[in-house]
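Two complexes come next, and they have one chain in common, chain A, joined by chain B in the first and chain C in the second.
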Partner chain A sequence: MQVPFWDERIETASRGDLEALQLERLKKVVDSAFKTPFYKKRLAKAGMSSSDDIKSLEDLKKIPFTTKDDLRKSFPKGLLACDMDEVNRIHSSSGTTGIPTVIYFSGEDVDTWTDLVARCVVCTGASKKDVFQNMMTYGLFTGGLGLHYGAEKAGMTVIPVSSGNTLRQVQIMQDFQTSVVHATPSYMLHIRTVLDENDISLKQLNLQKAFIGAEPHSENVRKKIEELYNIDAYNSYGLSEMNGPGLAFECVHKAGMHFWEDGYIVEIVDPETDENLEDGEPGEVIVTNLIRHATPLMRYRTRDLASILPGQCECGRTHRRLSRIKGRTDDMLIINGVNVFPSQIEEVIMKIPEVGTNYQICLDKQGALDRLTVQVEIYSKMFTGSAGELENLRHRIVEKLKGTITIKPLVKLHEPGFLPVYEGKAKRVIDERPKDEQ
Partner chain B sequence: MQVPFWDERIETASRGDLEALQLERLKKVVDSAFKTPFYKKRLAKAGMSSSDDIKSLEDLKKIPFTTKDDLRKSFPKGLLACDMDEVNRIHSSSGTTGIPTVIYFSGEDVDTWTDLVARCVVCTGASKKDVFQNMMTYGLFTGGLGLHYGAEKAGMTVIPVSSGNTLRQVQIMQDFQTSVVHATPSYMLHIRTVLDENDISLKQLNLQKAFIGAEPHSENVRKKIEELYNIDAYNSYGLSEMNGPGLAFECVHKAGMHFWEDGYIVEIVDPETDENLEDGEPGEVIVTNLIRHATPLMRYRTRDLASILPGQCECGRTHRRLSRIKGRTDDMLIINGVNVFPSQIEEVIMKIPEVGTNYQICLDKQGALDRLTVQVEIYSKMFTGSAGELENLRHRIVEKLKGTITIKPLVKLHEPGFLPVYEGKAKRVIDERPKDEQ
Partner chain C sequence: MTKQLNVFVENRPGRLESVTQSLLESNINVRAFAMQDRGDYGLLKLIVDKPQEAYLALSEKNFACALKDTLAISVPDKPGNLHKLTTVLAENDINVIDAYGFVLEPDHQGICCLEIENLKETNAPQIVSEAGFEVLSAEELSDL
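After this line comes the complex of A and B, so read on.
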């Protein structure tokens, strides 16, 4: 399958050309970094005095990692590399709780970001023929405005609905025959139950594609969404520190997410030893933004776990691909001494056809021991209602989970609609164990 | 006071040049209108067969009015003048209740809209030196994205907060030393009480300007906002049918809102006889959009009541000015046979210094008679707490209202924070009279 390119020359550039461009842009970003109080100090400490210290891409390793904590400690202007006059956009995680972080964008920074998002949209085959309903929150969260700008630039018909009000979303999908949506995977699953509840058939919709992102999800959740709607669902990866969406996106082949190597340098490191790993080896994703100069960020520790997929994609794009995010360095659960990633649990239960569209992982203490309870909504159309049937399903889920995570969980089944729904990022893990005993 | 122009040539164009441009653009809009099912029929019925029927601006009167009801009946595509391929944005009032309306924009339509909003922003003296916190809802509502695009184009530092979460808004105002905000007047008043409640002084802020719009408000509300914050507040007028913001805006002289005559033809008509009125005479605002081709709208009945101010503005802009919106043709209340506009009540109470930042107008029946109750929050800092003081204020409000609206209302005083707060458009009138008796 071949789809048009957004910018064929750059998307199919040779490795040599890409690396030459990366080096040129890295040097410019280092120049910008030296203008910030944070990097001026940090780079000096690492023995660097200017971008002249970067003579090859190998020299990237001279630059120390930057962490979320560095961002927080630099609030509000420690990572600002230009006059405020030149800043055209601010995205901040500021709030009344927690220490805020901020990313500044110049007008050019917004433009280059937008261009990469347009590239993402186009590589899924989406075009100006599509009606695009953006269900992600518009505002300081970069997911909403980021995709809005990119889809607009790609010429799609953008309906900026923002998040929430599912009945209205569904009405708009019908009224305008929306062909592409952007939502979190959990919200996509939720909408499907709302369609059922309101007797709206897929024939009344014109849905063909979903861009899903903003929360980690398993391959089986993607498959579930694709089957429930009979559409293609494309995985999107980004994080607000790296602009937001536009970092990496699946093309029509859905075989990993192309990360745009003219915009970002992605490294994978062993989160314990900080050693760089080879393509194919899983580790922590480290990203250097090559196209943002108001807030340069280099070798940023995303805490996301993934690998770079070896080999070329059939689509012809030479930019390498990132695997699905397997989890985060900090979301691993230790349950009675056993390491468990929530994604492992999701992977298992979402493969079971009788399981519905929502689940939750709960942890608490029973005496001295941790107790894992997996709450699962059933897909009610597959049941006649007999208790034996349900007990059989429950038993199967317990056994399958035990086979993967080695722990035997408690499994509770619920009617559709029982578990809480999140319009933004879903909260899948409720850990009620006392903090000091974990 | 002189501030830079956004587009000096067009903003200071002679009347003759403006009218020549209007005629040229009107003909093009008529061409677009003939491509829509709605206007094809409507214009034919009016004896028109092409834009050749428009030979002078006087011929505008050949075109029949278009109403909100026409828009509703044309949903979804009766007013679409191009292929969906060319549509780049949809704004819709669609919902689960009420009949939706929709406005389509081509990419060029969005660009010309954005350019007019940038012109609005710049005529208040705002520039790339300003940090702009946009507190209007982002999404299908045009107020949020409309100002966002215009402020961005004007080079301001845009913080796209969207509406809600007042404590967070206030925190961001402090963190980034916001100099310009965009909000409804009622929300501006509300934020001031939140500052007081949290002991945040104006010195901790850097606020200099507010763009206020999206709900009708009186001159005294503007003055109250200006005094409470020690800032300049600029009135913005627009409606989603006419793109949203960008239709008319006050310049630094705050002497009426310049409506951009290269983008819109504004007429004032007697709402009863439909006769065109002279400048200075109040009537219903009728607007023809000259710059949107995906959904052309001509001689649209806004139901807003205002007048065109005679004379030239000191700022040098030749585009005429609209008075403050006095009310809507459909918001007049008939109370025991007397015509009362909510704006009259607001005008009276907001001039009284002891009155706080929120009020509500309630109507119900007492036996056969209508009963008008005006609920008013007090400005608590001006009171020692004695009952006499409050009774004295209450009495003064009753008398002042009676002097203006001729009816003697019941007035109830409340502590700040008693009345409901609206983050979007305030609901000022609660009419609980049985519908068939009004």
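After this line comes the complex of A and C, so read on.
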């Protein structure tokens, strides 16, 4: 198989050269980190005074972990390392759990990120000959814009459709003979059913590749997508705190995702003991961003569970590969590609006086898409006896939840006492989605 | 004013039974009832002999229920009488939110239970009485 490269020199660099580059870049990132109020304090507490404390990559361990909570507590500018004049772009979480997290990019930060995404695109064999339909959400979410810039840089013809409106997506796929798409795996499965419903055959399309990400998924789901469309599907890994997509991506061999080690340092640690683990051992993915200076982020706890695949990839790239994400260390749910914490749902429900304090979150599949059902109990003391008000209440809960988690749930009203009562830790989430499709 | 007991019941087997069980335990007599279907749940509307006791009995069993004012009107069981009643309501711009009726004695007496929008502001009882209908008091309804 002919192996395409975007930057062959760096993609095939020897381990020694890669590590030398990592060390050099790490020192620079530590310098930037010292410019932020957050790291200034954090690093001083860890006994560091400058990047001179980093003499080898082994010294990375002197740097304490950074968590999502640290990001929240540092909102808005605790992790900003430069003047706002130098900031070129902001990506942020919706902030619906309370305080949002924000990532600032300088112009150079956007460029280096884009370069890594271009590398991802090219390592799947995609090129300027391809028409790329980006079905990932644009906006503050990094999935849409991240791939957009990378694909554009790689020379592809980019159609920035963003997510949703499946019939229109399908029409555009036909009109422009889209050859590569970027979507969540569940959306890919959904589109296939829409094609069938509308009697559109694969022959009317020109689809050859799909970049699938934003949702952990199994090898079975990938195979299913590949068979349903007769295409190649490539797994993509990214998280907004680490720029977004472009962190790790599968190459033509589809044997794990190459973690771009000149851009990021990846560690796998035991989430209980925080001990570093060997390649092959599953644990929490910890990432240090080596290429972003407006918002430096070091040893970030992703909460994702995965392992580094031992051995070399046949493609010749020396950058180590990440396994599929096997789960999370926290209770975050991924619903149709959107990250949702049960606590977000709880907060909304608890503010509505007409419902009781017991609730349940149920997840299942409706066709290829995830379906979220939130069950609540009527609070008897607030019940007015009016059917119209009950319907209004249900509608109000749907809208409030949608406003918070961006997903429209089904809301079911129950009699007081219907939901199980737990002594001790309540089981609030019933996830009935098939395990191999999550 | 006549009281109607509205109970929130889920649309699944056994829920209605558990309401009637609670009423039975408190020796409540049901005069009339109607069920309003709302998909996953329904609203059970009850006219009972002892509304306040029924309310407490169901509340104690954790049911979401509420006592609502309703207008119980005696309507002679003859063709055109229901139309006569609705005409009076329409002419006076009175809006009916919910209604159900039943025949008490065939060819003689029927009862219409009406839930009126903003009942207290409409003067509906007086208007209906002036049109020749008998508005039943809570006691009269209980004693039927």
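To be clear about the criterion, the second predicted complex is superposed on the first by the 326 of 438 C-alpha atoms of A that agree within 3 Å, B and C clash if a C-alpha of one lies under 4 Å from a C-alpha of the other, contacts with A are read in each partner's own complex, and residues count from 1 in each chain.
We take it that a residue touches a chain if its C-beta (ideal position, glycine included) is under 8 Å from a C-beta of that chain, and two chains touch if they have at least 3 such contacts.
Predicted model only: the values in this text are computed from it and were never measured.
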Exercise. If you stack the two complexes on chain A, which partner ends up touching A:Glu415: first (chain B), second (chain C), both, or neither?
Worked result: second
Problem set entry | chain B versus chain C as contact partner of A:Leu145, first or second or both or neither | first
For this session: Check whether A:Glu391 is in contact with chain B, with chain C, with both or with neither, and answer first, second, both or neither.
Result: second
Exercise. So, A:Ile378: does it touch chain B (first), chain C (second), both, or neither?
Worked result: second
For this session: Determine, under the contact definition given at the top, whether A:Ile90 touches first (chain B), second (chain C), both, or neither.
Result: first
Seminar exercise, completed: chain A contact check, chain B vs chain C, more residues touched by chain B
Exercise. Regarding the shared-chain residue A:Ile231, is it in contact with chain B (first), chain C (second), both, or neither?
Worked result: neither
Exercise. What part of chain A is shared between its chain B contacts and its chain C contacts?
Worked result: none
Exercise. Residues of chain C touching chain A in their complex?
Worked result: 5-6, 8-10, 15, 36, 38, 40-41, 43, 59, 62-68, 97-98
For this session: Would you pull the chain B residues touching chain A in the complex into a rising list?
Result: 75-76, 84-92, 94-96, 100, 102, 107, 110, 128-129, 131, 138-140, 144-145, 152, 155-162, 165, 167-168, 171-172, 175-176
Problem set entry | Contacting residues of chain A [partner chain C, same complex] | 378-380, 383-388, 390-391, 412-418
